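Following are the structures in question.
In the two assemblies presented below, subunit A is common to both, partnered first by subunit B and then by subunit C.
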Partner chain A sequence: MAQKEGRLARLKALLEEFYVSPYRGAIARARREEDDLFMLFVFSELMGVPNPAAYYTLELQPLLLERFHDWHRRQGLEHSPLDGFRCC
Partner chain B sequence: MLNELLTRRLLFVGGKGGVGKTTTAAALALVAAERDRRCLLVSTDPAHSLADLFGRPIGHRETALTASLWALEIDPDRQADEHLETVKARMRRLVHPRSFAEIDRQLDLARHAPGTMEAALLERVAEVMALAGDQYDQVIFDTAPTGHTVRLLSLPEVMAAWMDGLLGHRERSARLGSALRNLGGGRVKGDDLSLLESAADHAEGSRDQQLNELLQMRRRKFVRARELLLDANVSAFLLVLNPDRLAVLETIKAHEILTRFSVPVTGLVVNRVLPPDADGAFLDARRRQEAPYLEQIDQIFSRLPRVRVPLLPDEINDMETLRRLGRNIVGDDPVR
Partner chain C sequence: MNAAMLAAVGLSMIYIGYRFYSKFIAEKIYRLDPDFVTPAHAQRDDIDYLPTNRIVLWGHHFTAVAGAAPIIGPGIAVIWGWLPAFLWVIVGTMFFAGVHDFGAVWASVRNKAKSVGALTGDVVSPRARLLFMFVVFFLLMMVNAVFGVAIANAFQDTPSAVIPAWSAIVVAVAIGVLIYRMHVPILWPTVIGTVILYAVIYLGEAIPISLPGSMLGLAPGAQWILILFLYAGIASLLPVWLLLQPRDYINGIQLLVGLGLLYGAVLIANPAIVAPAINADLPASAPPMLPLLFVTIACGAISGFHGLVGSGTTSKQLNKETDARFVGYLGSSGEGALALVAIIAATAGFASQAEWRLMYSEFGNGGLTAFVQGGAVIVSNGVGISREFAATLLTVMAVLFAGTTMDAGVRLQRYIIQEWGAIYKIPVLQNGYVATGVAVATCLLLAFGASAARGLPAGEGGMVIWPLFGTTNQLLAGLTLLVISVMLVKLGRPARYTMIPMVLITTAALAAALYQLLSLYRDGGIFYFLLWIDVIIVILAIFVLLEASSAFMRERRAAEAAAAAA
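Up next, the complex of A and B:
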């Protein structure tokens, strides 16, 4: 009986995974796009896009530094667009 | 006549360069202090002249001038330096020491970017505005010439909107994140979530939370400053001008713009009007010139309380004369 329940639970998890995983990928991508856009706003000056709040968003940059490398790679820039942040 | 000026918590004194803003602001501040209201007189003009007017050093910190009058000259340079130092210190905690020099170089560039001074000034002005009604009964701002001031007053709206936009992105990202967690994201390999879920980025007390807190804090400051500024029970804007062509034209423009931004313009000080008893052919000619401007001012601004302040025979350089000038402006007694 216990064995049967265990097998059922495994089957349930497997089925769940089967149906859910495509959505998970899509949501993960949507979220990454959202985060990338946010990065663009905070680092827009580096890309030559004027940011009216540059002085205030500057204080966000330290918090985003770790994500910076992956972000600029995803934006199609192989090397850091910024002389100052030479992360690669 | 302009007595109600002294009942507001915040009073902004504006106008074209050189019309007598600093003198007017200082005179009103002395009257407020004389009435036992704790008053802070603040200069936002980068070319400060409060210290020169009072003949004593004032500077970046609140300095006591009389028993209930303090003065402050905002130094945007210093404000920006302090802000950048904080950012630098945070960056240093997060990057490899070999990048320190590069980060310093980067931030020093930001120091000289256009808009930095303005942003630093706005930050300080917003902080000082919050002192009114708390530490002080009244804060009087001796503002920079009109253009700068209008820009400064419109900034809180722009900045709050910008922060709203950024917060919107954070919110959508957080919603997607929680949807992801419900779908078991982060537990399963191969979802390309390593970046998103690693480094404790999205956890409690995490980077995300810190980002949101910083953004919220900024937003609150701007929204608060804007609310205070637009509340006619809290703020008053006094325009100073002289009876000459350029000052009248600029005042018309300033009044239009301030009205468009819903800033409550409360009154007009027409400064340096030639007194009737000033004699000589030269002064007669000048008086004939200023007459149509005085008339124009009365016509255009008929709905605003106005007060005329005569040109004085001597330069004002003592507190007693200033105080008398102030009493004259609020309508207590004439200058001469």
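Up next, the complex of A and C:
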């Protein structure tokens, strides 16, 4: 019984790997693009872009500050675009 | 000759190639080192670079390279008889495709997992890299056009395949959503999805779909082509996880099931091969076997597309350098096995030689149709299912392969067009929708334009492009072999095992392109746009050969200078 379960687990792992690995990079990049757009949305008000959902996104800013530096570098901005927040 | 014997001889030869020749290449030429730190370890990021089980990696490489092309090519090429097609597939797999795929993985692994395109610039010359980009763009354009036409023809030949083939998209999307969004473990979606996929074939048989004889002045073939490209355009814009990833996964399963079913049926039914070994009574439209055989069968013997796969994802996930032999050489061997069974289906699945000759009354006939008709007879006799069910099953399998290649092909074309937009500062081309529109338009132009010069209804003569597609594919293979050969010369190792295939395949591609130049001129005159595409291919082929000789002379001079200095 245990041997059977072990074989099934191995099959599942093999199928999982077969499904995931060719597109791991493409999906990670797509997910990052979505995240980047979300970051822009959250920090838009601070950069002077009116944000109708600012009341809600303001709460998220402290949670996303850790990712801020990587994000602005990815957007091609050498230094932080926010006067009040100098991460580098 | 009976089919089981041919299958046994062919598979044994492929195995001998793997067992002995690939071992020799691994030990003496590429000199694989089990202690070499592969990019999967050195650059590990758990996204692109990640050491992967070699069986999984082999499965990827095999399913990524084996699609509709190793079925269509041999299905057309048996018009010259089964023997030339058989010999080219076997010799090609053993001595051309094996070292090519294996070499592409090795070369990439030894160069930080760079793609063959990037390596062409580094190892040969920046000019060669530009050449590479052009060849890839033409290849994608042709592969999309050819597969669009092939699917349209398959839907017209087997209307019962329409519902199952389109249902596969629904199944794929459902699997994608279940796994990605709802985090359902993979086993059940796989089992249920596969069962639905085969169960829907019964529905397809009950409700065959045929398009109206004429709509807006377009024949059914042309209507299908438009629908398919509309779909491919939309599909290429969808997120990868939603359609492309689960479709690829389903195809992998289909490929393994299909291969097992076909070889099992061949062994049980053991039909006689009715086609002649060498066809002395060729139809007037058939071109000479030399050099056209070598471009009519590209995938299945050697194909440049494999180098893109090998140096794209495969090399970034290779756990040990020694796995390159198993993944690369054996991956191409799997495709050879698919081409071999396609030859058997297209030559042994007919009641008599007269019936076979009826199928091959003109060059370009056969292909997928012969594979489906012949394969259905063999599967029906071997496994005991109805011939109609078997025909639908095989059509769905081939259509899924071709359809997924179209999805991925249009997507890749879009990326290239967007990149050109960025390089040449044309903002409109950087827009995803515009780039997709341009990609689809070029493919449609090719698919429709091919029939116009032959006086056929739009979309009916699209397989005219097939030899041009094969020629471009072989040029790409030549470029990859050139990169591997130059690397070997630089390392002071024997380069003849890759250089000889490179010279032979590029020369065959050039000769085929020159022959087609005359033939296209006869068909459509100087204003036939396929003629101009062929002219570009001829120029590219000449440049590949010139780049090759220039790179070798440069490396030889460098080696002589180093020897003199020492």
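Rule of thumb we're sticking to: the second predicted complex is superposed on the first by the 64 of 88 C-alpha atoms of A that agree within 3 Å, B and C clash if a C-alpha of one lies under 4 Å from a C-alpha of the other, contacts with A are read in each partner's own complex, and residues count from 1 in each chain.
Note that a residue touches a chain if its C-beta (ideal position, glycine included) is under 8 Å from a C-beta of that chain, and two chains touch if they have at least 3 such contacts.
Computed from a predicted model, the values in this text were never measured in an experiment.
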{"item": "Partner chain(s) touched by A:41 [first = subunit B, second = subunit C, both, neither]", "value": "first"}
{"item": "Larger contact residue set on subunit A - subunit B or subunit C", "value": "B"}
{"item": "First, second, both or neither for A:58, with subunit B first and subunit C second", "value": "first"}
{"item": "Contacts of A:67 with subunit B and subunit C, given as first, second, both or neither", "value": "first"}
{"item": "Touching partner for A:24 - first (subunit B), second (subunit C), both, neither", "value": "both"}
{"item": "On subunit A, the residue positions that both subunit B and subunit C contact, one per complex", "value": "16-17, 21, 23-25, 27-28, 30"}
{"item": "Complex interface listing, subunit C residues touching subunit A", "value": "47-48, 50, 52-53, 55-57, 59-60, 64, 179-180, 185-187, 190, 239-241, 244-246, 248-249, 252, 313, 316-317"}
{"item": "Contact set on subunit A toward subunit C in their complex", "value": "8, 11-12, 14-19, 21-28, 30"}
{"item": "Of all residues in subunit A, those that touch subunit B in their complex", "value": "16-17, 20-21, 23-25, 27-32, 34-35, 37-38, 41-42, 45, 52-67, 70, 82-86"}
{"item": "Residues of subunit B that touch subunit A when the two form their complex", "value": "80, 83-84, 86-87, 90-91, 93-95, 99, 102-103, 105-107, 109-110, 113, 115-116, 119-120, 158-159, 162-163, 165-166, 169-170, 172-173, 176-177, 179-180, 183-185, 188, 191-193, 195-196, 199, 201, 207, 210-211, 214-215, 218"}
